[in-house]
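Please go over the structures that come below.
What follows is a pair of complexes built around chain A, which joins chain B in one and chain C in the other.
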Partner chain A sequence: MSNEEAVMDPHYTEALKSLLFQLADDDFMYSFRGSEWLGLAPHIESDIAFSSISQDTMGHAAMYYKLLEDLGVGNADKLAHFRPANERKNSILTERVNGQGYYMETPHYDWAYAVARNYFYTQAKKVRIDSLCESSFKPLAEIAVKVRMELYYHKMHWDTWFKQLMSSTEVAKKKMADANKLVMIDFGDVFSYGNRKQQIETSGLIGSEEDLKERWKKNIEPLFITLQLQVPEIPESPVNNGRNGDHTSDLDEGLATLSEVCSLDSTAVW
Partner chain B sequence: MTATVEVSVERVLEMLRNVKDPEIDSVSIFDLGMIGEVTTMGNHVYVALLPTFLGCPALEIIKKNALHAIKELPEVGEVVVDFIFHPPWTSDRITEKGHLGLRAFGIAPPPQHFKEDGTWHVDCAYCGSTYVTLENIFGPTACRSILYCKSCKNVFEAMKPVSTLM
Partner chain C sequence: MGEEKTFYQEYEIFSKRTPSSAFLHQYSLLAPNEEMALIMAQENFMRREPVADIWIVNRQNIKRMNADEKMTLGRLDNKDYRTTKGYGYLKKKWRQYEQEILDEKEILSWGGERK
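After this line comes the complex of A and B, so read on.
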């Protein structure tokens, strides 16, 4: 099916839009939570790295929102900033707060949680991007090829931090074990397509949930073997499935913060 | 009826060779390898640019500058400048002239080759010494890494190599 014909088919187009919202909202929230660490990372060089990764990832989100705009769904900026929580399709892993407190007052963000979340999310993103490079929708495949080149450096960074902390002191190992547990509780919807599973999996847009989960496991297994640990289990069914608009109050808080300025005057020209 | 003058692709490229990167103003977007495609039809011009890094905030500025530069040509009618994603911009698209321009700014051009383990090495952008350390693969912008030269004691930057092999 050529791209023109494919886009004319309403079922294919609906599947494509659903997937694009999942990809866009994921990277958007992940990038936002990353940006909240600015100035707070434990080491200056990792602060630079983290903010650079967040900037790259915001660019990835922008690409997906732009594709949605090109498909006539709406203005990219508005899709990103003004949709309410129950319309968002991001994994709940990406919406979770960074820790206690608020960066404008007294933040008590958890670095172990930051490293764990970034490591597992980036490994999942790598698997999804590899699959998207073969997507039946050419514009999406082309963007995935670009994302993959930038993701190379993100993955290198978080793989290193994760490995270092996981094989460091007893305190580090304990903190990481706790952080990993928290991350995995929210990991159930990362590879899920929600109630669009059937449509998305038959569209040729991206690999199946099972296939991607398998690849993810295979990719991280070697490290866990070296650490003499089991690869964490992905929960069978997520507590909240963000892909279906089922979110936590953390998302309300996040959206209120990131849209505060543009909501002051929604018609302002930036 | 007046005849519309044909705009030549060469003329458009000439203008694009003078559109500088908004921050690294010693290099043009042409020499950064960002020109994907230039087509003309009568006096209409279409330029497709290749974005370097997807989150680069300079992209919109570059697009506007390219548009204005081409519109300065008196024979030009309508101009459209767009970003396309194929072929993907890779750092090996930077020309020799681009390499020189980057050096002049204190940025070592991206290395041509990677070592077997995936690491890469560049010489000091200022003095050319090979006695350098990589301080941070990430840097002040999406495209740059931070290094230090033990010879001339300067901090310098490197254009992050990006290729489809990654």
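After this line comes the complex of A and C, so read on.
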């Protein structure tokens, strides 16, 4: 379908908008949390590479918000900055703080958690993007093809970090195991479409929740076999489902920080 | 290429013209070891050119990209926000604001009365 056709069918449009918010809010919060690592990563080149990936990802979020703008939902920048937490559809995993402390003062961020979150998220994103390349909504499929181009490099980056730390010293393995557990606690809504499950799954916009979960598992299985570990289980029912606007206080805090400058003068021209 | 051991190995030769210039890849050659590679590179390829330094690298020691890895080199052309092309537009903006000051305050004050 094209833009014009989609607007005609309200059932389809609702599914499309909900999915676009899920995709946009995911990449937006994920790259915000990534940006908080600026200057803190354990290695100068990894600091720059991580920031670059975060900026790429912000660019992906911007494309989804722009598509929502084209569908008449509202201005892209405003959708990104000024929607309250209970209207956000990002997964809980993407809103979680990076660790103890605050960016501006004594951040005790956890690199193992960063690597684990980035690895599992990017693997999930890969599965979703591959599916979206076949989306029934043409403009969305076109975005997915673009995102896929950069995802090769994001995935290689986090695959490499993850693989190396997972097969490193005993201390590293222990830290990674703890981090993986934390990530998986929040993974229950990553492949969820929330209340819109039925509408989204029948729209041909993207594969079903189960289908994507299976592909995700299949993609990461070879590495876990090499490491002689079990593929982590995705929780059946998430404690909070971000897709329904049900979030943690980490999101409120994050939104307040990221929109702080923009809110000083919301009419300023940048 | 086959894995079997041969007498000759492939070496990549790098050199720089002056002590402060960057190394440039020049050629590859076959030699039995690094020392031989060095003297052969020197005698065969660099006798007519000024050279400040030479690097010899066994090709096996080069991490090369396979087809999959080359897929990671693609980038999107949507990075205006990251590649600022300077602040050339600021001049125009200043002029506009200066103009406004001139229009409203200055000119009205010359006339001595408001509309």
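In this text, the second predicted complex is superposed on the first by the 264 of 270 C-alpha atoms of A that agree within 3 Å, B and C clash if a C-alpha of one lies under 4 Å from a C-alpha of the other, contacts with A are read in each partner's own complex, and residues count from 1 in each chain.
The rule we apply is simple: a residue touches a chain if its C-beta (ideal position, glycine included) is under 8 Å from a C-beta of that chain, and two chains touch if they have at least 3 such contacts.
All of these numbers come straight from a predicted model, not from anything done at the bench.
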Fit or clash between chain C and chain B when superposed on chain A: clash
Chain B versus chain C as contact partner of A:I53, first or second or both or neither: first
Partner chain in contact with A:E105 - chain B first, chain C second, else both or neither: neither
First (chain B), second (chain C), both or neither touched by A:E150: both
Which superposed partner A:D265 touches (first chain B, second chain C, both, neither): neither
Clash with chain B (superposed arrangement) - responsible stretch of chain C out of 23-31, 41-49 or 95-103: 23-31
Contact residues of chain A, present in both the chain B and the chain C interface: 55-56, 59, 62-63, 146-147, 149-150, 152-153, 156
Residues of chain A that touch chain C when the two form their complex: 55-56, 59, 62-63, 146-147, 149-150, 152-153, 156
Complex interface listing, chain B residues touching chain A: 51, 53-56, 85-86, 88-90, 135-142, 146, 160, 162-164, 166
Contact set on chain C toward chain A in their complex: 69, 71-76, 78-79, 81-82
Chain A - residues contacting chain B, complex: 45, 48-49, 52-53, 55-60, 62-63, 139, 142-143, 145-150, 152-153, 156-157
